[in-house]
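Next, two complexes with chain A in common: one pairs it with chain B, the other with chain C.
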Partner chain A sequence: MAASTQTAQQVQELADDKYKYGFVTDIESETAPKGLNEDTVRFISAKKNEPEWLLAWRLKAFRHWLTMAEPTWAKVGFPEIDYQDSYYYSAPKGSDDGPKSLEDIDPELLATYEKLGIPLREQEFLAGVAVDAVFDSVSVATTFKSKLEEVGVIFCPISEALEKCPDLVKKYLGTVVPYTDNKHATLNSAVFTDGSFVYIPPGVRCPMELSTYFRINAKNTGQFERTLIIADKESYVSYLEGCTAPMRDENQLHAAVVELVALDDAEIKYSTVQNWYPGDENGKGGIYNFVTKRGACRGRNSKISWTQVETGSAITWKYPSCILQGDNSVGEFYSIAITNNCQQADTGTKMIHLGRNTTSKIISKGISAGRANQTYRGLVRMSPKAEGARNFTQCDSLLIGNECGAHTVPYIESKNKTAIVEHEATTSTISEDQMFYLRQRGIPPEAAVALVVNGFCREVLQQLPMEFAVEAQKLVGISLEGSVG
Partner chain B sequence: MSKKKAKKMLEIKNLHVSVDGTEILKGLDLSVNPGEMHAIMGPNGSGKSTLSHVIAGRDGYEITGGRIIFQGEDLTGMAPEVRAAKGIFLAFQYPVEIPGVANTTFLKEALNAIRRFKGEGELDAMQFVKMMRAKTKELGISDDMLKRAVNVGFSGGEKKRNEVLQMAVLNPTLAILDETDSGLDIDALKIVAEGVNKLRSPQRSMLIITHYQRLLDYIVPDKVHVLAHGKIQRTGGKELALELEEKGYAEFDEAAA
Partner chain C sequence: MGNTTSTPLVFVDGFDAARPGLPGADLSWLKDIREAGIKRFNGLGLPTPKLENWKYTRLKSLEDTRFQPVTDEDGMAALDHVPSLLPDPGGRPRLVFVNGRMRPSFWIEGDLPSGVHLECLRDTLARDPDWAEAYLGRLTGDDHQALVQLNTAMMDTGFALRVDAGVVIEQPIEVVFIGGLTNRPVAYFPRNLIVLAAGAQATVVIHHVGMGIGAYFANTVTEIDIGEGARLNHYKVQAETRDATHLSTVHVNVAKDAAYEAFTLSIGGRLSRNEVSVRLEGEGARAGLNGAYLMRGSEHCDNTTVIEHLAPHTTCREIFKGVLDDQSRAVFQGKIIVRKEAQGTDGHQLCKTLLLSTGAEIDAKPELEIYADEVKCSHGATTGQIDETALFYLRSRGIPEAQARNLLVQSFVGEALDEISNEDVRHAFTDKVLHWLPAACFRSDEWRGK
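After this line comes the complex of A and B, so read on.
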């Protein structure tokens, strides 16, 4: 019918995303020799002055990695990755000694972050948000450090944590995501470069939002950051991660690992706004975002809440999960995934209920436009001891145009009769009625689509820290629009 | 009338419209002057909503002949949002739900889009709230209804009142009300009619599509048209509505046969 073709076409026009973060910073960098072997691993470890145990761990991971096959169960397709054709370490020249005071940072770098909307000069940044900025393989700045130290919060690059509090790192690193977990996580264990470390001492409510901003700049470089967050008893922290990369024709690999540990009565709220370069409208270029994120609710009454807004990347492969070990612990997963043009996403979560009366909630909103394909893949497992455990899952898909796809794959394994698992799923489109109604009120098509999509995502957007909700709302619009800039 | 002869508000000439190859409007003529209120009546399926959609520029209708002139300008090919910005408003027979979008957010977005188009500055949050407060009070619309998602879970009557609220906020030059009276209880009907009457002005025209002459007791039209078989079959004054109520539309079937 004429009407629907026209709407599809309209939406297609809107769907041609203009990626405004696609610039390249011209900065001299120091890189490891191309390719991947034990020497690469040793190079990275030496660069970071790491203790012996960590090098040994990395090498163990590397050797294991050589024996592993690529995970194949996800519904994504891409040519085989040539791991030898990439650089595994790239750092702006002169960053050897880790982040220093802002005066010492290359002005080019400061300008880059400003352009990205992340000014690193504290007085200019949103009050109440501390930022760790990771540029390619190293952290270039961490703000508000002293203020956090006053209350005993440690927030620094993981390489710095290895000097400051090696015992904490050693105690927790790899305990949530073991180095054998999956091929991408294993690679990360071998070659991870930087990432953030957070420790919240017992009884402390972290006085500000913590945030890490990841930026891939160098060509042919993978980014392998590793984040470790530990919330000690009765503590609370809210953490946000953002990411962008330049527009490049070749695909770049981003294989990160995030481990969260919440002890008794502790709460971690982890939010992600992922806007890696998605490739062009024909699927050329873009980031392969193969990320392993997992949180362990080790303590009683602990809580881990994942919120993600995934708008970028050529391929997203990501399942932020919760292991609900402590009795009464709570896991939450709120997700918005937007795929457009040729983007592919296979994302979801795993809620592993081990303790009694553990509860989990999954709210997933998938939006697909253009020729994009996405899958929600979720596992809810009730173990035999998960007496009285409960899960509620809601998966909603919104299709824009008729060439895109959305799939929902919920796995439920229940080994406890008292556990309750509920699953609801819907698929909808932006109807012509809605488009006409909004346009009749004077709202142009691209703004109308953004409005409907934002409405569709509302439940998840509400979960984001206020400072970022507005930004994310705009991003949701932009990633579907193209004309709004 | 001033000495300068005012332009026609709306002039439709020999309009032919098809949907999916079926002709629905078959040479419709209609002429509305500024400040006039016209009622359009006619049997179910005669094309009243089709006419309103075509004036507002909805996709999916094929205009096979004729023209629609609004304030001297041919509307052919003009996007719906541009028509809206130029002052055309349609109160929908079936208002559409927009889940998750608060009614106020929607209204503010609409108002500011139109203001931007006209080169007027956007209203800030404070100005907007202040203006809304006055309008909602007049129409008996609760704050709760403003916070809720657009039309989601609204009762039939609430939806219609919400349409009139939007009209009051957007302040159109030509308002088309498609069965805004259907589904309203007596009190709501009075409130809506008052709201509409308040908007009556020498610069504004209205097309009121209705099945009930009851509404026309409150909103007295300058003209009443009968739309049947794709054409305006008869035009008269308020008394025509009374006559239709009594006799129905049988007469027009014979005329067409």
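After this line comes the complex of A and C, so read on.
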């Protein structure tokens, strides 16, 4: 008991810690009128000089959205969202012409990033990471473009891709997540403002990790990015996405869509560190993170790997999934979710096995503290044609304090006798034995808790690319601040 | 919820006509709960896959068949022997129901110790209505289970077992429900009450068995209250005809230091569902909830369980094994809930399914819902086919393939059967499983040198 009481205390201390990324950048926004109707959709489309077909698609989505009901199956509770009370387009002023280089960028904006620990310039030189920074919907800087262009990789804001390679966008947009998918994804289809587009040509191994930092800045602005990544035959790309938002009192809606397409022998590795503002210790404010992420392994021997570290947001509703169509294709899902205070997370994955000898692996680690509630919700489906398919799932939950909850809801559907599905889940707390062992070796209690938690997450942390592993470990550290000493 | 009703409900229409013939028709309190039941059922309608809890099971047979209430004549169907599960009833107490009607001629009172009351529901309502009023409908929880509501309205059969404090019954009590032998689709609604006072012990074996052919619908509700330090072993075999629909709902309350051990073996029925809710209400309460399902043809079997830990230091073990052949389909939904008060909970659940044929399907949903931190909870679920290397091993030792397959299936199911603590029952259940297996010596082509 002693250990857990202490832990609960540490978590409490942690809760008192102010959100260190909470600051507002003062930039004039050019926003669409408040509210959501067909005119908003047209405004966004016109603002971005979009082709006719896309506007038509957006409108189709919007009309369908009106008929859809809010999904209620997730184990999260929140007041009804007033969609009319939000701005659906906001761009930093003066961005109409687009920045030519980093020098063109508002210095205040750059300073914001610097506080977040992603100095663009430094990264440009040191980390070798190309950053397509999305600041309230419009990309402000894209670095390392030339180097990527050399090998034929297209990495740009999706609005730019619509001008550069409209056929590619048209061919793949909405083919993995159709505009009718779910209420949040449909809303995104109607009003998405920007996001990244990546195309890796056949046989190319992307020479660097591609990275995007998303930020939500202007007040009352929903953030609706749309990311589309296509890995053509025999190509490889690793994509990093990081999210941090400044502190706000209202709940902000974030409904993004990510679509991945892997063709024959291609591999996509998609890593996310999500650290949106989680709200204060009483659950006031924070981001609603309603994200639809899905990858299609269309080609033979293709592979899609999702890695996520979810520490932020008031509510997380997110199920990065893989549709394993190609024979021998591979899907992976590695997840760490940490919820504290009044945070709610309902997250997991879907592995849909359609092709022969497809394999999938799910490793999910959930840590729930304070009064938070967390749910792993996953689906593994073996279709009748998935001969020799294989799945392994491991979900572990760690509870810290006696007011939080951890839930596991896996769905297993098998229609093929040759398919093997294995699912394991455990829920436990940090045992007194573990604490005693560490403490009798002179390790202070806070460090001991951190050690145990880090060990608990290790399997997933190892999956992160180097650039992210550092930040992710830092985040796990921040979540356990006060206990790390 | 009203819109989930997908068919005109013959039960609602037939309620008024059936009422005078139902047991306890003269009791006003019973009249009230029956009326409330049919009203609520009418409001809820039959469950559909739109309800999360019914995601994988559709009550197709209830939609496409017009079931009629059983008559006394159905209950008198000719029967030359009772398909007893336990080898020789001897002095073992036994109750036999045919199409919902108790058959006194097959009733064996057995040598029950004093302090035990075992009778059919109709008799209980006639002899001790106050006791029945105190327990009937007390454990069924909220009113969201449409099938429970329907049963409450229509209950026309069933038994009540009451064991006084400290009384230990050594012999297993067998209750046989025989269905079929009618020329039209019939429905009957057993309602069972098992109440064990503090320190009492009993073993109850329920045998639902179909004879002949014919579609029938058995909608059973069982309410079980286990007092402090008491122990109930509750075993059930469901071997209905291939056209039968068997829906069973069980609600169990387990008090301090009491134990509930259950095993459900499902080996027949067009559509069957066993829904069990166990509430571990007192400190140190234990539950073992196990089962096996063996399905073939186009049978559909659904096992849905909820174990709720409400007090400190409660434990549960759950093992379900399934074997699916042909185009059969099974559903396993197992939920363990640990409430905030239930510190020190130890819960483990395992669900394994073997698919023997292309076309068989398993949908499993093991679920943990945990609000306490000092817990040790886990679940595991696997699906797959017979291990080829194990098969090869056996064949390399000269065992023909068909027989080797049987051995592997038998040992697979055996892991669950081992959980049955009563030896006689374990043997009887093992025999049932062996009978289900294909006759190996006639099936093995290679044995005949082909």
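Quick note on the criterion: the second predicted complex is superposed on the first by the 443 of 485 C-alpha atoms of A that agree within 3 Å, B and C clash if a C-alpha of one lies under 4 Å from a C-alpha of the other, contacts with A are read in each partner's own complex, and residues count from 1 in each chain.
Criterion: a residue touches a chain if its C-beta (ideal position, glycine included) is under 8 Å from a C-beta of that chain, and two chains touch if they have at least 3 such contacts.
What you are looking at is a predicted structure, and each value in this text was computed from that prediction instead of being measured.
Of the two partner chains, chain B is the only one that A:456 touches; chain C does not reach it.
Counted by residues of chain A touched, the larger count belongs to C, out of chain B and chain C.
Look at A:442: by the touch rule set out above, it reaches chain B but stays clear of chain C. Once the two complexes are overlaid on the shared chain, A:433 sits against chain B while remaining clear of chain C. Of the two partner chains placed by the overlay, only chain C lies in contact with A:421; chain B stays clear of it. Once the two complexes are overlaid on the shared chain, A:407 sits against chain C while remaining clear of chain B.
By the touch criterion defined above, A:384 reaches chain C but does not reach chain B. Of the two partner chains, neither chain B nor chain C is touched by A:394. Within the superposed three-chain model, A:73 lies in touch with chain C and out of touch with chain B [touch as defined at top].
On chain A, the surface patch touched by chain B in one complex and by chain C in the other comprises residues 1, 4.
Chain B makes touch with chain A in their complex at residues 20, 53, 56-60, 62, 79-81, 83-85, 89-90, 92, 94-96, 98-101, 105-106, 109-111, 113-114, 117, 149, 166, 170.
Taken together, the chain A residues at the contact with chain B in this complex read 1-4, 6-7, 431-434, 436-445, 447, 451-452, 454-459. Across the interface of their complex, chain C is touched by residues 1, 4, 73, 382, 384, 397, 399-429 of chain A. Within the complex formed with chain A, the chain C residues making contact are 52, 340, 343, 353, 355-385.
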